[in-house]
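Supplied in structure tokens, the structure appears directly below.
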Amino acid sequence: MPYEVKSLNEECGLFGVWGSPDAAQLTYFGLHALQHRGQEGAGITANDHGVLQSERGFGLLADVFRDPSKLARLTGTAAIGHVRYTTAGNHGLENIQPLSFNFSDSQFALAHNGNLTNAVTLRRRLEMHGAIFHASSDSEILMHLVRRSPAATLTDQVKDALRQVHGGFAYLLMTNDRLFAALDPNGFRPLVVGQLPTGGYVVCSETCALDAVGAKFIQDVEPGQLLTIDDHGLKIDHYTTDTQLAICSMEYIYFARPDSDIHGVNVHSARKRMGARLAQEQPVDADIVVGVPNSSLSAATGYAEASGLPYEMGLIKNQYSSRTFIQPTQALREQGVRMKLSAVKGVVAGKRVVLIDDSIVRGTTSRRIVKLLKDAGAKSVHLRIASPPLRYPCFYGIDIQTTKELIAAQKSIPEMCETFGADSLGFLSEQGVIDAVGLKVDAPYGGLCMAYFNGDYPTPLYDYQAEYDEEIRQLQKSQSRGD
Amino acid sequence: MPYEVKSLNEECGLFGVWGSPDAAQLTYFGLHALQHRGQEGAGITANDHGVLQSERGFGLLADVFRDPSKLARLTGTAAIGHVRYTTAGNHGLENIQPLSFNFSDSQFALAHNGNLTNAVTLRRRLEMHGAIFHASSDSEILMHLVRRSPAATLTDQVKDALRQVHGGFAYLLMTNDRLFAALDPNGFRPLVVGQLPTGGYVVCSETCALDAVGAKFIQDVEPGQLLTIDDHGLKIDHYTTDTQLAICSMEYIYFARPDSDIHGVNVHSARKRMGARLAQEQPVDADIVVGVPNSSLSAATGYAEASGLPYEMGLIKNQYSSRTFIQPTQALREQGVRMKLSAVKGVVAGKRVVLIDDSIVRGTTSRRIVKLLKDAGAKSVHLRIASPPLRYPCFYGIDIQTTKELIAAQKSIPEMCETFGADSLGFLSEQGVIDAVGLKVDAPYGGLCMAYFNGDYPTPLYDYQAEYDEEIRQLQKSQSRGD
Amino acid sequence: MPYEVKSLNEECGLFGVWGSPDAAQLTYFGLHALQHRGQEGAGITANDHGVLQSERGFGLLADVFRDPSKLARLTGTAAIGHVRYTTAGNHGLENIQPLSFNFSDSQFALAHNGNLTNAVTLRRRLEMHGAIFHASSDSEILMHLVRRSPAATLTDQVKDALRQVHGGFAYLLMTNDRLFAALDPNGFRPLVVGQLPTGGYVVCSETCALDAVGAKFIQDVEPGQLLTIDDHGLKIDHYTTDTQLAICSMEYIYFARPDSDIHGVNVHSARKRMGARLAQEQPVDADIVVGVPNSSLSAATGYAEASGLPYEMGLIKNQYSSRTFIQPTQALREQGVRMKLSAVKGVVAGKRVVLIDDSIVRGTTSRRIVKLLKDAGAKSVHLRIASPPLRYPCFYGIDIQTTKELIAAQKSIPEMCETFGADSLGFLSEQGVIDAVGLKVDAPYGGLCMAYFNGDYPTPLYDYQAEYDEEIRQLQKSQSRGD
Amino acid sequence: MPYEVKSLNEECGLFGVWGSPDAAQLTYFGLHALQHRGQEGAGITANDHGVLQSERGFGLLADVFRDPSKLARLTGTAAIGHVRYTTAGNHGLENIQPLSFNFSDSQFALAHNGNLTNAVTLRRRLEMHGAIFHASSDSEILMHLVRRSPAATLTDQVKDALRQVHGGFAYLLMTNDRLFAALDPNGFRPLVVGQLPTGGYVVCSETCALDAVGAKFIQDVEPGQLLTIDDHGLKIDHYTTDTQLAICSMEYIYFARPDSDIHGVNVHSARKRMGARLAQEQPVDADIVVGVPNSSLSAATGYAEASGLPYEMGLIKNQYSSRTFIQPTQALREQGVRMKLSAVKGVVAGKRVVLIDDSIVRGTTSRRIVKLLKDAGAKSVHLRIASPPLRYPCFYGIDIQTTKELIAAQKSIPEMCETFGADSLGFLSEQGVIDAVGLKVDAPYGGLCMAYFNGDYPTPLYDYQAEYDEEIRQLQKSQSRGD
């Protein structure tokens, strides 16, 4: 589960249900299970006999729906919901999803997880033809494309629109009489469909949300598929067959919940295998293995088992941290005031510690944790990262769009080790990730997107190509200066 | 750390500081580290050149101080604070501590952790002499006793008052020019004193709060001690020498934070030893060891290491649970809607699971977790509890005052096992707890209070004796019927 | 000023300023002076060097901006604002104005007072061509028309759009580099322009808002005018010359603030003349004149002076009423529990009272007030209304769109008198209103819209024609049954 | 009704009811009618079969009870309530009344309007005997005296306590089985008793609250009376016969609601007579009479009628002012930004205005209003005050305890006139007030307390004597310097 001091953010979680008298409540519970995918906004749109009503707000789901009358208002037998990480500049309530569209003769609600690579081009073209955008996010582009499609049926209009957007996307689109779900041709983001014991259908980002509402898993939504759910049941179709699975490897490494399965692979188990492989690739002569809570605990137990070293609770996370509004001043921080993590002196004092983290973004957290352990008496701290160095931006839905934020893009491994104050530093190899996940698909990188590690993007970058080229040029310049 | 679905509650956490320009902020950070000791109310009183000002409110510390101006108002170089679990019937804001007392010539602020056994008698006697009580809790009794003491100095008045109250208590009492800290003659509740790098002193419930503010541990406050901190420094005195250490064993088992040390024993390590001892006393032929997150993870790793079985993350706790206002209805709960815990199918399916919990109060959680694991495909679930059965009420500060709430007081171990749907059930022995904690003191039960396990109360029960006798009579009657 | 128990609601107040370093604050103060025109929502959009930022919310202006940081965020030298009465079914935050429009190359903020008569037709036509509407109100139609206009310049696009909308409208449209203000060809709603002592310009609904910010009145915006304000100053142009003044007579009778001047006529003075004329047209042999506070006090003093009867404060309005969330139950109301108005027994007991009200909508208030006075001992109550009977719906911006709500459409004057329990009832004549206002224009009804009194609408009704015809048919049927 | 920019504050309003199934709701409606007597805090304590429960909070009654569940909690057939103006330094919630006292065997709720003159002495004496005070206000002294009284019955204990407190007080004291109401020996504050149509009794500060709940007036509570209301009915007794009526003249002049009757005299009518008398004593050759809204409108109509000048609405008060959190900066204020009052140019331009205000405290408002009228074009402004100059502090319940705040204590009438920028200034005489009120009692000053005008206090000042003497000495020194 995401660890709040890491500056790495998934942009969304989706949940939709069709055919349950408790549709909005199930959506609430489903989104609650997906809260780790976005904490800055939440919304639900419910469908009561063809009439759509919404509630949306900033903050955690529980804050948005603190007044129980809000959920009670959302009557009906179908609903879609969204939890959101708000990227910079998108702070308006109009960006909290599901987006609502009210036409004279119909209503739509749209929820989107991902990032389009041709959004700027599409938006400019649509505006030249009179389109008005209300939100600043990409998400409303699809609705404009649907409404302007010359196709004869709504389903064909939706397919037509889906073929025009590029990049990473999982969409839920509910209208008065049905619910569409669609995934991009590379399947960058996870999306699954399941069935309730009472017969209704659920589409959501992760299987943990199916479990949370007691739904039975049916299948992962596949790249290029378009699902339609209505009162006649579930229909699985596709809008394109030009597909190639390249699911985000960071879902397995960091984003998804340990109890979710993605394309048949349990996330906790994959992380444990990454930890075990890391022990083989990057062994250390040490006394104990400590994981950074909570996201790295799976990898840490894997490392411990494979290395034969004892797994210890050397770091404690304050479970109340995320609700804290008052932060220590710099002076207090230097004095040692700490809000979130503490080292267990009785465990680490005098010990040679292998510290397992799942990944490194900016590196600020790593430096702090190494210091914390050393202040608590650790004899040495050997940092082992259960993924390769993050060196390239992501354009498909993770909030890293510049290499300036990535310490591994700026520094060599020895430089990073020195920055962190660690006694040694080692990363898992790319092949290690691929093998540990172990998808049974015939696709590059075993069906994973590894672009943030190796710059090999599975699609053209469209509107981002120019800025990416400039980014790489700057990076090479700074690296050559660094030599 | 306390696990929110367990109905076992500590009543308070205390933090006091004297001699720091950031007194209220340090108190905030210290209380934040003690938030696990009470989540229903919080307050801070600061002392600015002899003038006392307070802020108090319901809920988590971060909620009470959400408006930063509240903390900013609390200027001065000394402060005391309190986090509180509100027991039934004590819902008024007047019960949120620190309590404030404004006299024509002086001010006092009082914070209390514990429960008095002669409170009713003392309160009636004081009222007969004209005393007016504002709060419904016991805590304000001490102030009345101090004010009515005929002793010549304030220190002697405080000692006089402390000798009249019985039961479990840790007090912080701040007046215009000094801070008193006192512990009951059995030292039921933990209390420690430390020193800031800048020279000021800190008194607080657990060492984790010293660590949180960068203070150096000086000593555990000992039974019968009265500490006085003022601008001349720290003075350690005592109000009685008739003392006998009997610290609450549940602090080691469940309440205290794993990174705290109590009387020289690290809590995480004690729990790990309890788990290891449990593995010896109650071995199982199984495949994996799973702990109930978060409070039982230390014991579970101890069990795993001692038994040689792999420790697995078979249960996931939703980190956002505590902020959720909307609960599933009974119908939804039966359908399988779950908010807090989920089982990791990929880990437990087909496995014989040893499930470790730290303690059992009502047993409702245990039943749910066993079912959760079996629904996720566990072949068998062997429940092992890292403490003896809780069979007797506590009168010293834990919120169990009737055996009706305690399943182990009502049922035999085989009955409980059946109730939980477990394949086997075993508890740690009393001696196991004593040995695992391993205090180096010459006192009954190795310096621990074990009364909730064996009914052997270290003090007379005073006002509670009659209700306790009745309780035991009812219990014996129901048990004899049970034969 | 509007009296909150009357079910007659203006839909909006507008305020815009260009060229002041305190633009958002002036807008706040201006809207505060216009709060009587709408209490259910408020918003401000500020323009800082071409970048537009907004704050919006439900409720009174002071509630929306209770957190001072909201206003502080709205930096810049231009701003527009809006206070709104939310009509049924338009409860979403997306309907709170100013509406924001973000294009790839520009931003717009739009505020609208009034009601379009061809909105449904325009909206359907636009949607057929791919337009997406977000709000359910009419207001966003103008933006679509502007963006789809083939005209070469923005000003010509705006004029083109203004020529397509019909009905009642005052618009403020701010873009990155200028502020437009426009009024419909009949000038149904008031709109004025003024200048700040520091040189900037202000456009707003009433002169009271000019006074509130210390601005000097320049002129009333005339029917068909389009004003453009930018860094070069104020330019007054027109988009049509096919105009005919028909300003809403209810502005003079009830809506506008007494201290405002509309087309050169002070509202308080016009009301006082209506009261005086009413005394001539509908004299009574009585002891005292009492006005319904606060909206009828001007008319009541006019009646008193003209009739020679003493003006007395026989009714007191509780100044705290509007903030009261808890209402008496029916049982308590029958017992005599009253929240808003009370009669002054010492003033009315034993007296023959002339009770002046400005207008009657549903009549429920009138019945209550007559009873209140009689319960307080009034010997007789002669109700005099300082306007003609309201018998027809308004389609230009007042929230009466069905005659079912209008008691005067359903009952004769003697029937109403009996319903109210009054001893006599009289209304001001249409000519009385026209003469009392006394606009110096050569236009039907002296430049006033009198349609709610006589059904003579100054424009075609477009989309409303069919429902109006049906309404009238029903009305005639019920009236013929009533004979 | 109090006008919010005047720095003159009543300290409280009281309401109690015994014998109604809607007790808390009636108390709510009664307090709502008394909201003008205190806007900074409100509370209600209800009695359900002998169990007392309370809700209290800061701000207006409607804010405190915004959540309807708060009022719904307060079940039972009796209740007392309080609205409060919080004096400086008394900002804690513990000062919001009714105060609650919970004894082992009984509960009390206490509400107090007034100010004690021997509070400091009593409090010190009580503290010396062990008493603990929680609130900083005087109000809880009575409870201590009751509990410490050696008398045999509760009624005798209450009488005993009432004989020990001096100054101005109206008390409501509710216990499990009855409601006491008591008034000080001078009857400084108003208090009335009435009966509900359903038989229960109501005691409250003003008759307007009786009217608000449909209760019939029985009598004014007389000086020295002690009323007891229980399930057997109302009993009127007294605790002292050494009484002399000296009711606060400011109740008639400013505090009380116009529709209230105090000791048989209607407040609006008394104010109108003050205005008429002022016209005789201080005539002006002018064109129109304008009153400062809302508190001076009664006096202004009296002046107009007596002088034969027309009464005009020359000033408009923004009815939304009291809810405004954002104030103009000094710079904006100079530019003319105004939030609360505006002048009606069409009415005052070119006119010689008689401006009527009920009283002058600091004079800052008077200066602003004169300027407002002159800016609006008034040819001249003649300020006439419908009460004598306020020159002395009040110790019985009005929040003026120092002459430094009183402009009339610091300056002569010509100096004030110049300060205000008025063309002339005149005050009503003391005898004018006495005659206009016209109580039919044989007592100094016709039964009124006139001490703030003439320094003739009806009681010894006790604890205030020394500070009063110093105050007068300083005043005389500054006045002699002024010569």
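For reference, chains read A, B, C and D in written order, and residue numbers begin at 1 within each chain.
Operating definition for what follows: contacts are C-beta pairs under 8 Å (C-beta built on N, C-alpha and C of every residue); 3 or more make two chains touch, one makes a residue touch a chain.
Here the structure is a predicted model, which is why all the values come from computation and not from measurement.
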Response to the item:
Greatest Cα-centre separation from chain C belongs to chain B
Fill in: Rounded Å distance, chain A centre to chain C centre (Cα mean)
50
Response to the item:
Whole-angstrom distance, CA centroid of chain A to CA centroid of chain D, is 62
Item to complete: With chain centres taken as the means of their Cα atoms, state the distance from chain C to chain D in Å.
Response: 37
Worksheet item: Multi-chain contacts in chain C: which residues touch at least two other chains?
Response: none
Worksheet item: Looking only at which chains touch which, which shape fits best: line, ring, star, complete or other?
Response: ring
Worksheet item: Chain pairs in touch?
Response: A-B, A-C, B-D, C-D
Response to the item:
chain D partner, complex, touching residues on chain C are 1, 22, 25-26, 28-29, 32-33, 35-36, 60-63, 65-66, 68, 71, 196-198, 208, 211-214, 257-259, 261, 266, 268-269, 294, 297-298, 301, 305, 310-313, 316, 318-320, 322-326, 328-329, 331-332, 335-339, 342-347
Practice prompt. Name, in rising order, each residue of chain D that touches chain B in their complex.
Written response: 54, 92-94, 100-105, 120, 123-124, 127, 129-134, 136, 140, 143-144, 147-148
